[in-house]
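By written order: A, B, C and D. Residues from 1 in each chain.
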Amino acid sequence: MSIDTKVKKLTRQQMAWRAAQDIADGSYVNLGIGLPELVARCVPPGRHVTYHTENGLLGFGERPPAGEEDPDLVNAGKKPVTLLPGAALFHHSDSFAMIRGGHLDLSILGAFQVAQNGDLANWQAGEDAVPAVGGAMDLVSGVKQVFVLTEHTTRDGKPKLVDACSYALTGAGVVSRVFTDLAVVDIRDGHFVVLEIVDGLDLAGLQAVTGAPLHTDGTPGVLQAP
Amino acid sequence: MRKPVYDLAGAVADIPDGATIMIGGFGGAGAPVELVHALIDQGARELTVVNNNAGNGAVGLAALIRERRVRKMICSFPRSADSSVFQELYAEGALQLELVPQGTLAERIRAGGAGIPAFFTRTSVGTPLAKGKEEREFDGQRYVMERWLKADYALVKARRADAYGNLLYNMTARNFAPLMCMAAATTIVQASEIVEPGGIDPEAVVTPGIFVNRLVEVRAPAQEERLVAEGVRYP
Amino acid sequence: MSIDTKVKKLTRQQMAWRAAQDIADGSYVNLGIGLPELVARCVPPGRHVTYHTENGLLGFGERPPAGEEDPDLVNAGKKPVTLLPGAALFHHSDSFAMIRGGHLDLSILGAFQVAQNGDLANWQAGEDAVPAVGGAMDLVSGVKQVFVLTEHTTRDGKPKLVDACSYALTGAGVVSRVFTDLAVVDIRDGHFVVLEIVDGLDLAGLQAVTGAPLHTDGTPGVLQAP
Amino acid sequence: MRKPVYDLAGAVADIPDGATIMIGGFGGAGAPVELVHALIDQGARELTVVNNNAGNGAVGLAALIRERRVRKMICSFPRSADSSVFQELYAEGALQLELVPQGTLAERIRAGGAGIPAFFTRTSVGTPLAKGKEEREFDGQRYVMERWLKADYALVKARRADAYGNLLYNMTARNFAPLMCMAAATTIVQASEIVEPGGIDPEAVVTPGIFVNRLVEVRAPAQEERLVAEGVRYP
C-alpha cells in the first residue's frame, strides 16, 4: 500500500516536533535512541523538561561543540551530551530504580509494531539478528506514560500499527499514544483512536495503511508541524 | 524542574488523616523536627509512621505520638532511654507496632522506591519475626520473602537542596532519608539552605531531585537530642 | 550457682580486651551497642581494623573531645564518633547491603542466651518489654563471623550458655565463638568447646555455671587479660 | 585497610579458566581497557563475562571475545555499529548469550552484592525474556522473579581511589561499576590516581573501600571509543 504524494507526510523533524508538543511542563522524560532523541530540541519555550538517560544521568543537555566531547559523558545512545546546572549522576541501579519505580513521567520510544491493545514490539525484528534489548523493557514497564514515535508504515509499506504484534513484545499493553508521519493515534480500551491526520489524507486513507480498525472521538484534527 | 518552596505549615497542609508517613532520622540524627512539629500543628490523625525509632523525649516524633496522632509505628527499635511516650501508649494498647529488622526496613523502603514488590532475605529466618512470612530455599539456604514499603508522604531533613530538589545530607543524618525520598508519593524536604541549580556538584548528589516534591528552608534546624537534653516539650 | 571469689573473673574491660585479640588484621568489624563497643580500644597495635556502623558509616574513630561532638555524626548506639581519614558515608540500604551481602568480616554482639548449636537470643527478654530488634538480626545472618561477648551468667546467676535458647531467637546457628568473664568457648558442630578458662576455675566449675555440656579439644588454656 | 596495589599483570594473575567476570562500562564509558588487555595477556579461557554490551572494534572486551576466551556473555545490548566480533562468534555458535533487560541486569548485580537471592520485577512480563521465569501476582500486577548475579572477579575503572579502596568515577563512566564492586568476590580497580586516605571527601564516596580488593594505577587510561576510531587492534 502506498500513500498519495499529495499527502503532507511529516518529516522526521516534524514528527519529533509534534511529539514534543505533548510533553507537559515539569516532566521527567526518557527519550529512546534515534528518532526520539530529536524531540528534546522541539519542546515549546517555557516548558521545563528534565531528561533522564539509563546510564546514570538526569538533567543533561545537547551535544557539546566539536572538540569538547567527553566520551565519559554520554547518553544511552552513546552520544556525547552536556551537564546542565542541577544535573545529577548516579549508578545503574539507582537509574533503573527511577524507571522501575515509576518516577519518570514519560518515555518516547521507537517501534517495529504497536498493537491496538498497547502492546509494543521494538527490540527484535525476526529471529536472525543478534537480540539486543537494552533498557526498553524496563522503560515500558516502569515509566508512567509511554509514547511511540515512528513512521506509520515500514519501508516496504507494511503497517506498524497492527491488530496484534507478530514480533517479540517489549511490553504488553504499555503504549498510550502513537505519533507517526501520518497521524496521532491514542490507544484506549484496546482500540486505536485517531486524534489527528495530516493534510491530504482522510480516515479511509489512513485506515488503508493501518493494520487494525481505527476509531475516532469526534472529527480528527489536522496533524501539522512547522 | 524547580520544586515548589513552601513554609512549614504549607508544606504539610494537605496531609490527610490516615496517611502513611515516612520520617527520616536515626534517633535524632536527621530527624526533621520542624516538619514534624508542623504536622502536629496541622492536626492529621490516625497516621501510620515509618521511622527507625519511636521518638525521644517530648518533641518531634515522640510529641506526635504523645498527641495520639499515630495509629501504627513501623520501626526497628522503639526502645530508648527517652522513649517513654511510645512505651506508655503501646502498653495501653493505643498504638500498633510493626517491628521490622533494621536492614529489612531499609530494603523494604528502597524496594518501594525501586518498583520491587518483594524480595528475599536471610534476615529473621528462624526467629519470631519470620512468623507468617513465606519461606523459601535458594541454593540450600532458607530465606523469607519481604514486601515493599511505600508511603504517601516522606518528611526528611537535608543539609543542602538545590532548586531542582537535589539533596546533600550531613554525616550520618543521611541514614534512611534517601530511601524514603524514593518510596513516598510526596517527599517534603526541610533543608538548611536552598541554592540555585549548579550549587551541588552533580557527581556528589546523594538524592537526585526527581525524588523530591516540596522544599522548605529551615536555616538553623533544631537538633532533637539537644531539645531532649533541655527538656523541651512541644507544643 | 555462685562462683568462688578466688576465681579471677575478667572485668568488662578485660573481656573486651580478650575479644579484641581475636580480630584479624585488615578486618571490617561491626561492634554491637554496649560492652562490645569497648573492644575497639583494645585491638593490638599494628592491626588495622575498620569499623562499620549500621547507620551509614565505615571508618570511624573514638568519641571526640567534649564540645566537639556532632549529633549528626554518631554510631548505632547514638554515641558521638569521629571520621578517620578514608571514612565513607552512605545511606541505610547501602549499609545493610554490606551486612546482608557478607562484606563484613566480623560482628561482636551481646547476648541474653547462646545455645550450643550457635543460636543467639539477644533482642527480647520476656514478653513484657517493648520489643526492639534494631540491626541485630541482619548482622547475625549476614556477617561472615559472629562473636558473642557477654557475662557467663545472668545477674542472678543463671547460665547464658544454654542447651537451647528459651528467649526469642535473633538468629539460628549463627554464633561461632563466645567470650565471657570466665571462659572463651567455641561453637563447633552443635557443641560448646572450651578454649580458655580463667585462673581459679576448673572445667567442672565452669560446667556448673553453664547450661549445656562443655567439651574440650586438648587442655583449655588460661584466660587472662591485662 | 590499605588495599594491595598491583601492576596490571599482577592484578589479574590468579584469574582461573572458567571464572565469571563482571566488567564495568557502558559502551566505552567506564570500560577498564587496560585490565581487560592484561586479562587477554594472562590467557584465562572459558570465561563468563557480565557487561552491558559485548565489545566494540578490536580492543578491550571485543578483543577478549575475538581471542575466544569467552564462553558466555551476560548482557543487555550486544549489538552496535562496531560489535562485529561478537556477532560473528555468536552466529557460528561459539558463544552463548544470556540476554537480560538492562535494569534487571543492574538490579540482579546489586542483589548479588546485597545478599538478596531473588526479587520480583514487572520488567519482561509478557515478553519472550520472561520465558521459564516464575511469575507471580502482587496487588493485581504480574511480576517475574529474577535471581541475583555474582561474579568471581570484577574489573572496573575509577577516576580516583584512595589507599583504602574508596572510589570516585568520572561522569557516566560510573554506570555498572559500583554494583559490580559489590557483587564480585574479588574486585580489581584501575584508577587514574591513587591517593592517601583523606583524599576523598567521605560524603562524596561512591564506592566504599569495603567492596574493593585490589588497586592498579593507570594514569592515562585509554578510552575505548578512541581506540576503535583509530582502528587499534589488541594484542
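Basically, contacts are C-beta pairs under 8 Å (C-beta built on N, C-alpha and C of every residue); 3 or more make two chains touch, one makes a residue touch a chain.
Since we're looking at a predicted model, the values are computed, not measured.
Between subunit A and subunit C, the least number of touch steps comes to 2. In this structure, the chain pairs C-D and B-C differ in their number of contacting C-beta pairs, and the larger number is found at B-C.
In terms of the distance between Cα centroids, subunit A is separated most widely from C. Averaged Cα coordinates give subunit A a centre that lies 37 Å from the centre of subunit B. Here the spacing of subunit B and subunit C, counted between their Cα centres, is 30 Å.
In subunit A, 83, 89-90, 93, 96, 99-100, 142 are the positions where the chain touches two or more neighbouring chains simultaneously.
Under the contact definition stated at the top, the residues of subunit B that touch 2 or more other chains are 107, 110, 114-116, 121-122, 171, 203, 206. Pairs of chains meeting the touch criterion are A-B, A-D, B-C, B-D, C-D.
On the subunit A side of its complex with subunit B, the touching residues are 25-28, 48-50, 52, 58-59, 83-90, 93-94, 96-104, 142. Looking at the complex, you find that subunit B touches subunit C at residues 26-30, 52, 76-80, 83, 86-87, 90-91, 97, 99-104, 106-107, 109-110, 121-129, 170-179, 206, 223-226. Remark: subunit D residues 1-2, 110, 112-116, 162-164, 166, 182, 196-198, 200, 202-203, 205, 208-211 touch subunit C in the complex.
Within the complex, the subunit C residues that touch subunit B are 53-57, 70-74, 78, 83, 89-93, 95-96, 99-100, 119, 124, 129-138, 141-142, 168-173.
On subunit B, the positions that touch subunit D within their shared complex are 107, 111, 114-122, 138-139, 141, 143, 147, 168-169, 171, 201, 203-204, 206.
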